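Below are two complexes that have subunit A in common, paired first with subunit B and then with subunit C.
Now for the complex of A and B:
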């Protein structure tokens, strides 16, 4: 048999599937992004101009940036702190299980839970939301957690994301942390390092590659964040994010052109982080 | 430099006593080896000196200072670990410089000390290499260098040679001895290897079940083991132990057991031994203190016994003979050129001036 042609035969099923379900939709999305709402008139870069200049989109960009910084910082940071501190706790396994638990809950369920936590009633009515009940019990005024723009409501949404994802970061970092030879930390202590210096000069460098993987994973997730916002505010009160914007343009306003343009923008924003992740993965494979 | 003193030091892990009232004094500049089987508490003792384990009871002094509650970083000690514990993300230079940087030693001084240590250890051209690029022996040298540059009061070694192959271990052993001769830093060295203990230690503490069984010069421990454990642990092959009874005939002392009756030489017939006449004892004789008549010049009367050879292990410079003496096994280290065959009946000569007698109950040495 001619091997020159045979390999195409073996590749055909994969190529076919990729072509139909990945390449074609991508190309089609890019094509549609240059057309009007009903995909019948060519509008050039009109959709892109709108995607980068319209007020709702600018708010969505700002919010995504806020998510990117705050969400990533808190999930990775708290995950790291918990991984290191819980290593010294007797009931480590139980506490870690509890912190990891939200990962097992769907965003819809998480959204429902947190809408109760954030629930807001006028001052005269009893507060059924957990947070406001606490605030009122302490003698404060109830807060519209999902209404107060632009910081409180956005941070309240980010907190939900952090609640869900911190456990994941903690578990991955904890596994890596336990891989650090104890003698190395002891050697550093004898060398004259205090606990912070051990953490800074021995622990962190050892966890570097794991930290990079966790961080890029969180960034890729946060750029695509949708469910939490969709469930809790659907973008109201200036809490919109790019993915939710795209969903609304597509399925609420039937503006296929603009929705496609937003999709392309989101796609381009994620690419660099995917590349970083893949590169890192490759170098790790190369080491093996 | 400083002396190290352990005073009634105890360490408990829950209900398990790992170290039991250990009292030990290491003189300024002395090289002391803690040796014993695994689980004897030697490493735990070392880690308590390092400050890596809390002390349940007792006191540890480094120099004049009681260090029970002093964290490791303030004890001015350096430790070398079994698996080297180098920092993998730092090159050799920075591995050695790390402790000095933390202590805010001036950069010029760090450079000088690291280079002179690297020179001393022969790793000068490796200063830019990462630990993973080094061989086991080189890694151990870096770990040593990391300890040396600090110029600490005390060196602590936790089985530093056990990850090296046999040949390298012998060489590093000699290098460690030489290093101590040059630096004269107080050293506590933990090992399970009796050869390391004998060759390196100016004094050796033999430990078992958290207790120091004997603490003395290596030759003294070999010549006059304090009890059966030490006698059996130091020396290879291990000392022969035979159940026996001390008897007195015509003013002469004999040690008599199944298949042998041997005369105790006059100079070894101490008062303590005479006081034990009639009691059950354990007669100990090292394999190297058993000969055959061909190997002995002079009188052999009262020193011979016979056995049946079971196994012969020729080692080139010696041969190890396992023989059956009235149902008990004895091991003898003999001249390799003697022609001995398994199954053969053989006459042995015990060098009775080197006999050991232990109390059967307490296992303590009587003579």
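Now for the complex of A and C:
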């Protein structure tokens, strides 16, 4: 529709804010990543060399990778299982609300909630943390869930993320699951397929594109994960992640060059998913 | 026959209910503990208090009184509203205007702008923190409400423009054509036609932004950190964890205070929230 040149009036406020808060700063951050801690001396690729070789960063990379695999597998997997199972019970709505509710809570509050679940006290004191109380009741020794490196504490942090995000996966996958024509599953059953075969050969292929969307959303979240780690351990005991390293290089060590380089590394890791989103949008537009 | 059917489905029910209990127990523990005196909280688990009816008379609001008045959570509660409500309205207004132009106006570069908006949805905030903070320091905007309103609006715009533009674009073309034949200007069509028809999507997008801003820690930490008088609940709570990390009677009450508003918004408007998620499951 032709509406003259008025479109720029409608776009101007948005373009101004996007330019000032997203586009310009991103370009500036790339520039700063080639400069020293105070952004006054050019250092070439030195910040990047440090970002890829220093021990704290290597640990952060390892942890982000662990998050990527475990977190994505559990959120998407449990979301899928819940979407399928809850479709078969009458109290679906209430359980969905329970699983989905953590999405409404801040990571800060979730951090407090789970620090309390993981609370750890010496053997002689009564355990006030739910998890250690269970361990002790079963005859075990109390565990320092956020201290035991490298697996227990990282998995304990990932569990918090899973608690928050499974509801999201469940809701999106459940909506798609309900869109599968029931006749297709019935036809497979009549042909003698068991429930697993129906799931494997009818449900999964049908949900493929939704699974892809949910999985990419989880991966983009995981790459940027910050609040949970910042709140619960601040990276202590080898639990650091890339985004938290960036924050600490920026505010604790005032190394703006290295912090910028870490941000750029994060950005580079996300670019494939940015491309995927734009591609998906293009196919949607072509369909319209 | 019926009995065997129930028996066959028993594992299914057990599995679902177990998962629901696992999901609920952590929050329940927080809630119960927030009403317990410090001494009790440290000497027995919250579950023992829950299953001992004779104990229930000892539940108290003292922890809430202390965090609200002495630990500054009252002020932070107010700050969270002062930050969240204007930000949400500002973002909605700016995004709606832009989405309208991107959906219904023909101009060169429209496709490019759309791609840019979609690309910006996933940009890590970390890419922007240092330059924006420097800019804010020069303009004296760090530690101020207008500064964080604008920053949150900028960060929230891409997803919101995307959501609104998809909805606006799906409105029927005839609607506009008849309005323009009747002599309506594009702006009049926007106010009188598009906005009233788009209440559901405006609600979804508004709830998204409200919850996002209310629950945000990183943006507040960077642009408001060190200015306690403007700190929102999330920032205040994170400071409390740092300074009073073992005072569970205070932390539980403070955490619950920070959760009340988003939980009410979520439970009463869940329908719109889900719709928003299904329409734009791309933001990280």
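To be clear about the criterion, the second predicted complex is superposed on the first by the 266 of 288 C-alpha atoms of A that agree within 3 Å, B and C clash if a C-alpha of one lies under 4 Å from a C-alpha of the other, contacts with A are read in each partner's own complex, and residues count from 1 in each chain.
Here is the rule we use: a residue touches a chain if its C-beta (ideal position, glycine included) is under 8 Å from a C-beta of that chain, and two chains touch if they have at least 3 such contacts.
Keep in mind it's a predicted model, so treat the numbers as computed, not measured.
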item	value
Room on subunit A for both subunit B and subunit C (clash or fit)	fit
Subunit B versus subunit C as contact partner of A:197, first or second or both or neither	first
Which superposed partner A:214 touches (first subunit B, second subunit C, both, neither)	second
Contacts of A:179 with subunit B and subunit C, given as first, second, both or neither	neither
Computed vertex angle (subunit A) for partners subunit B and subunit C, CA, steps of 10°	80
Of subunit B and subunit C, the chain that contacts the larger number of subunit A residues	C
Partner chain(s) touched by A:140 [first = subunit B, second = subunit C, both, neither]	neither
Partner chain(s) touched by A:256 [first = subunit B, second = subunit C, both, neither]	second
Touching partner for A:205 - first (subunit B), second (subunit C), both, neither	first
Distance in angstrom between the closest Cα atoms of subunit C and subunit B, superposition on A	8
Subunit A residues touching subunit C - in the complex, by the definition given at the top	1-3, 5-7, 10-11, 13-15, 17-18, 20-26, 28-29, 32, 78, 82, 85-86, 88-89, 95, 97-109, 111-117, 119, 126-128, 130, 133, 163, 168, 171-172, 175, 213-214, 216-217, 220-221, 223-224, 226-227, 230-231, 243, 246-247, 250-251, 256, 259-260, 262-264, 266-267, 270, 273-274, 277-278, 281, 288
Parts of subunit B lying in touch with subunit A, wherever the complex brings them together	50-52, 71-73, 75, 77-79, 81-83, 85-89, 98-99, 102-103, 146, 150
Interface residues, subunit C side, partner subunit A - complex	9, 12-13, 15-16, 19-20, 23-27, 29-30, 33, 41-47, 94-95, 97-98, 100-102, 104-107, 113-132, 135, 150-151, 153-155, 157-158, 161, 169, 173, 176, 180, 186-187, 211, 214-218, 221-222, 225, 233-234, 237-238, 241, 248, 251-252, 254-256, 258-259, 262-263, 265-267, 270, 274, 277-278, 281-284
Complex contacts: residues of subunit A adjacent to subunit B	181, 183-184, 186-194, 197, 201-202, 205-206, 208
